[in-house]
Amino acid sequence: METIVFALLNGVIYGLLLFMLSSGLTLIFSMMGVLNFAHASFYMLGAYFAFTIMGATSFWIALFLAPVLVGLVGAVVERYGLRRVHANGHVAELLFTFGLAYLIEEIVKIFYGKTAVDYKIPSLLDFPAFTIYGASFPAYRMFMLVIAIGMLIGLWFLLKKTRAGLIIQAALTHPHMVGHLGHNVPLIFMTVFGIGCALAGLAGVIAGNIFVTDPAMAVQMGPIVFVVVVVGGIGSLEGAFLASILIGLLQNFAVGISASFADIFWFTGLSPTSEIGDITVSSLAPVLPFLLLVLMLIFRPRGLMGEQEL
Amino acid sequence: MTQPMLEVKDLHAFYGKSHVLRGVNMEIMPGEVIALLGRNGVGRSTTAKAIMGEVAPKGEILFKGEPIAGLESHKISRMGLGYVPESRDIFPTMTVRQNLILGIKDMKNPGKYTVDDMLDMFPNLRRRADNAAGVLSGGEKQMLTMCRTLMGNPELIIIDEPTEGLAPKIVQQIGDTIAEIAKTGVAILLVEQKLSIALRIANRVYVMGHGEIVYGGTPSDFATRDDVRKEWLEV
Amino acid sequence: MSDTTQSYQNIAPSGAAKFRQRILPFAVFIAIILLIPLTDPSRTMYALMHQMAIYIVFAVAYNMLLGKGGMLSFGHAVYFGLGGYLCMHAMNWIADGTGIWGSFPTFFLPIIGFVGGGLAAIVIGSFSTKRSGTTFAMISLGVAELIFAGAFMFDSLFGGEQGINGDRMNGPEVFGLSMGPQSDIYWFMAFWTILAVIAMYAFTRTPLGRLSEATRDNPQRVEFIGYNPQRVRWLVFSLSGAFAGLAGGMSAVNYEIFTPEALSLIPSGFVLIMAYVGGITYFVGPIMGAILLTYMSSMMSDFTEAWLLYLGLMFVLIVMYAPRGIAGIIFGIWDGIRGPNAGEMMRKWAVQLAGGLLMLIGLIVLVEVAVRWSNGWGEAFEPFGLHFTHGSIVTWIVIIVPLVAGGYLLRLAGREKEEMPA
Amino acid sequence: MTAPALSLKNLCKSFGPAKIINDVTLDIAKGERHAIIGPNGAGKSTLFNLISGLYTPTSGTVSLNGTLISGVAPFEINRMGLSRSFQVSNIFANMTVRENVRCGVLHSLGQGYAFWKSVTSSKEVQEKTYEVLEHCSLVDKANTPAALLPYADQRALEIAITIAGGANVILLDEPTAGMSHSETDRAVELIRKSTEGKTLVIVEHDMGVIFDLADRISVLVYGEIIASAPPSEIRGDPKVREAYLGDEALPEETV
Amino acid sequence: MSIKTAALAAAVSVVAVSSAMADVKFAFIDPLSGPMGPSGEAGYTSFLLAAEHINANGGVNGEQIEVKGYDNKVNPKESLVQLQKAIDDGVRYIFQGNGSSVAAAIIDAVNKHNQRNPGDEVLFFNYAAVTPDFTNDGCSFWHFRFDAHADMKMAAITDYIQGQDDIKKVYLIGQDYIFGQAVAAAAESQLKEKRPDIEIVGNELHPLAKVKDFTPYIQKIISSGADAVITGNWGADMQLLMKAAAESGSEIPYFTFYGGSLGAVSALGEGAIDRLYQVTEAITNLDASDEQYALIEEYKQRFPEYDYYYHRAFNALNMFKQAAETAGSNDPIPVAFALEGMTYEEPYGTATMRADDHQLQQNLYISTVSKDVKYGVDNIDLGWKLLDGGKIDAAAAEQPTTCQMERPEKP
């Protein structure tokens, strides 16, 4: 029982974090057709910026300032990099962001060193929020939950309740037409790219300290975020949300299950000492998102909620 | 006083390596309705796209005397040039009302029409005002697209093949609507294939062939030019 | 009918042109490979060249996919790795000497890699090549992550963290090579590199090779001349995987170890960068890329810590400004020199070169000073007896002035280009 | 009684709520030159896409020489002897004209997906390529990259690729689109020559071309065939006049 | 940038000066970047300081020594590339410790190299890779191990647990590779023998250096009802495990091999007292000579970010010096023969390099975290304190070996 409760809590938090990362990517992908390989690099930048700002001031300032800075970096990248490559097609754009991810990692290594930095949870939030089943649940994770839900509501309000949101939604599917109606599409692209990066940066700010802030964090998170976007379906924030939570839960539940294949498939007579019988469900956790991705692409290429096939 | 609304001088355009427009010249005076005729594939839609900045143009395009060639499309639009593309491009998941709202360029400074004006003008649209635009019929979609463009208060509208794929009765209606719009003083560049409509509402006619204008004149003059029709039009 | 044949000869390229375009480059390539040992290379040189050989084959194989087939893969190291792993197992079977393996020379292990990589590509390609473009790229990424993560579950196949190792000095000798010393391995590398490169070039001249390009450019039309584009992609993918596996086999013999990292995104990304930097629209592009990047990765890392940064910068700049890669630049210059307005072109290049060099100087000083500042070891950047510290104004002048001046020159050259008639 | 070359039965195609092709039934006999006319947006290209296998019908069937081909992949239909061209030139832009035609020839001469022999090893392929090039007057431009061809030559190459495989049923989608009258004449000559003894289905807007070429004309309006008859009858059909041609005059019978 | 690197810089500049006249070259092949980078750097700094001391005292047989770092990212194949590079740089001795998978690859590569390049031999001094196999069936003449192997360390831990009657349920967690598997196997077999009543309620292996959040694992441990956890985790995996344990607020004791590795104690804070245990060959807070205290303080002063932890790095270099001087040569083969069976008086007892398998036999100490100590760790005032009865003599820790060593001809 406690395993379920904890997996649920942690899964939802992790899922919301994934959504924070993937929402921007989904918007950018459906609007510009660019699968931004460097998106997780902005997540990393968020964590590092927050670490620096926190060192100079406080976590609370970092919480607001770091995502803004990351968003600005993203806007500059869109304006002076991606827009130039756009004419050479999607493959060139993909390669550009691939190179960019590489570049950001190297620059981070130069500024912050090759090993992890000591980015700490603010002491104000460093206490157990509540205790269930003998284990305490840290307040910081509750804080993450609040921030993530706040972001969710903010994004929903922006997209569904404002005219700017309408324009963005229209630009997702018909960028040219939106331009002919007199809306500044390049500016919309740049803004959305910036906001997307800022959201990734925010995820970095609040996750960098409970996980690890090191130059490898982008590479580790990047592929998972792709999985979310593809599984959710192109252009669908709802899909990205579902996929994020699904993957968050899937991974957390899988880690919690110690049963091995031999236990599960006992009826096939699989030996617990055999190579396959010995595999436990928990060791499958890192594989599951990618399995989901490949299966999804083969059997339902438009994703959970997507309108069009990838 | 006699400054043309739109002047196109020696306009060229390329798709990849192939040379599609080879020196288009035309002009549209304020309040005029111009029909741009020609066979499929001669570059009529490309001309429209090049003017609107969707295809990279080479050459001179002046709108109210200002050069607009190569400007970003929103800038062209904000100068007062409206565009109704062949593909119509309504926003299918949004309501009719939302579609119309998106036609407004600047909320602080809206045009002479309000959303309600439009809905009053087209009772069909009013009935569907809060439905997703994707479920409208072809004719209704075409109406919506034109209304949406009107919301932006254009001085010239380029309408690309508005009657394509529509039933004859609807074609008639669309023709009437365009004539109606023209009456409000908006200049119109109508890219058409159906001579009947074009000749009915146009003040002047251009015929395109091979990426350039091969004929320009009034409908009555055009009626006498069998040679042009034979060489450059299907019928 | 001989009439038509005769006429056909008139429109086909002449024998001399064929020789110049197809035979001569290979003759030169082979001659260089055969002459290198005369220079008595050091062990380091040998190690570097062997690495280059492996990456040449891998990058050209990768380009069968990306350049010729239009399929962008982020996971091609899977076939390199699976081919290599099969070779490691085979190497151990040879050491055990059981069955026919006792008489299998390690020299021919790359054949096993070819088969292994090819089989893996046939199986995975059967579903991944159903789609093209971004979807294919995503599937390749997913499959690669899946196999990489899964590799840690099957220790008997992949050896877990420590991988599988073996000893190449077993089995019968061929060509009098004991396969022990580096100089023996050189001949092994030369043999397989030449064979694989020629085979992959020949592939571009086959019906499937031509169709692969046709499918890349226009899959729809391919369907209407009687070909199944999915089948074309699958076959090309399988062959590309097979050659990648062959490169894996070469790597297995060279290092005598394979670890699951060989299947990961890192080598996949590296080979993508190699092929692209070299130039994917040219057959020789990936070869140039492989040589350059291997050299950079092993030599430049001795000169500067920031070599990966330079590599990333180079890649991004090539994507942005020279999408046809280094080969494209070289051939562009070559064509320009022989073109009608060579003088004008050369003047433009001179300006561009000067601008590029200036920017490069500023950039290098910036990066090197930054690296040393970030290390905090109090070191200064001291090229040619000069002394740059991050605090001194001189340093910043040396950074900013060339950057600005170079940028200005490049803009100038760029503007001229636009003014030239289309 | 041999089966018709092409037989469409109650063919329907919808995209979402929109019915593009509505209950089309049509038989085209072997050796017939059949034209399909109709206003833009009437569904002509959709009809071609249904016949050539690009789309699967919502309902109804298509048969080629008596064999059911609806739902069959385009490349298989092509192998069964049906080839088509496209309204917008759809050639291999990065290849030379010769290579374009050679690609079209390969499959019909049993080269398949071979990767073990050179593309130039088969004399038959070379000869056939030359023949097609000569036929379409493209020999002079054999080594020109296709993308650099003038427009009319690109259209000719489009037809060359279409006929290269030796199909018996040829579908041409607006082969003279964008051409001037004089170029059109040359194209008509080429079409006539290339489809000698074969079944031709052609979509055209140029009435001159159609009345010149076709044995029979079908008029497609809003996804339905409202008339299917020899040119002389179509010319006089008031229904056709009203629906498609409107009040515009048809060319007088001058020839 | 940081203090840590500043100090490292100081060390490097000293070495850089001495390297100009270096005669004996050592390669330090370990992670110097990535998640395990700090582990490698802590070891590297220890070797640098040890080399500096030897050079300051006249070197070895009159020759200066140099230790140069090669970053292997804990990847076996990358290690072989670095090994090749090192050998080309003229290196004759290899230090490596982080990751038994790497050590296995290096042993194999060194064996092959020495076989193929007679006269050019290199020796591998393993200072931390403790998979027992390396000095059992997989033993090699070219490999010497200066750390107690997993079975020896586990014997110390299980001896202690044997006396703790309130421990009824034990949870095993480790890294999924040969070392982690060896630890789990040793724990299972030794507990079964010494305390058959103990139930092993979990045996979890997680991927090496890839887990970012150990919370799910900790929750599994809590819900299993374990009274104690045994883990061989090191580097970031140890630190993050402790971080998650601290967050959960659980009070289960952890018996570890590497509780002293960077950041683990500070992650738990005061919660580590009497809850985090480790077994090591030395503790800074043991009674020792003034000289040893001075060394500990010098290290801390030079490398404030790290603690004096890799005592065996000093042992390894000092034993090399003793062996080389005994042999009268700095060449690998004479040094190897001199090392066999050599005893060395180290600051905390006597160490013997067992000739049969090249496994160093030394005293082991079980300690826990305490506030009342001379030297703290992780720059906080908590440090390691010897448990009552925590000292295990070398003889008691000794384990049998199955090694059948093949030796080259003695020069």
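In order of appearance the chains are A, B, C, D and E, and numbering begins at 1 in each one.
Keep this in mind: contacts are C-beta pairs under 8 Å (C-beta built on N, C-alpha and C of every residue); 3 or more make two chains touch, one makes a residue touch a chain.
These numbers were taken from a predicted model, which means no experiment stands behind them.
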{"item": "Reference chain B; chain at largest CA-centroid distance", "value": "E"}
{"item": "From chain D, the most remote chain by mean C-alpha position", "value": "E"}
{"item": "Chain centre separation (chain A, chain D; CA means) in Å", "value": "50"}
{"item": "Whole-Å separation of chain centres (CA-atom averages), chain A against chain C", "value": "31"}
{"item": "Whole-Å gap separating chain B and chain E, where each centre is the average of the chain's CA atoms", "value": "78"}
{"item": "Geometric centre distance via CA averages, chain C-chain B, whole Å", "value": "51"}
{"item": "Chain A residues counted as touching two or more neighbouring chains", "value": "109, 111-113, 283, 286"}
{"item": "Chain E, residues touching no fewer than two other chains", "value": "1-2, 5, 176, 207"}
{"item": "All pairs of touching chains, each written as two labels joined by a dash", "value": "A-B, A-C, A-E, B-D, C-D, C-E"}
{"item": "In the complex, chain D residues that touch chain B", "value": "16-18, 39-43, 87-89, 93, 147-148, 151, 154, 174, 177-181, 205-208, 222, 242-243, 245-251"}
{"item": "Contacting residues of chain C [partner chain E, same complex]", "value": "42-44, 47, 152, 160-163, 165, 167, 169, 180-181, 255-259, 261-262, 298, 373-379"}
{"item": "Contacting residues of chain E [partner chain A, same complex]", "value": "1-2, 5, 32-35, 37-38, 41, 176, 202, 204-207, 210, 212-213, 215-220, 222-223, 236, 240, 247-250"}
{"item": "Interface residues, chain C side, partner chain D - complex", "value": "1, 4-5, 7-8, 11-13, 202-203, 205-211, 213-214, 217-218, 220-229, 231-232, 235, 239"}
{"item": "Interfacial residue positions of chain C with respect to chain A in the complex", "value": "72, 74, 127, 130-131, 133-135, 137-139, 141-143, 145-146, 149-150, 152-156, 265, 269, 272-273, 276, 306, 308-309, 311-313, 315-316, 319-320, 323, 367, 370-371, 374"}
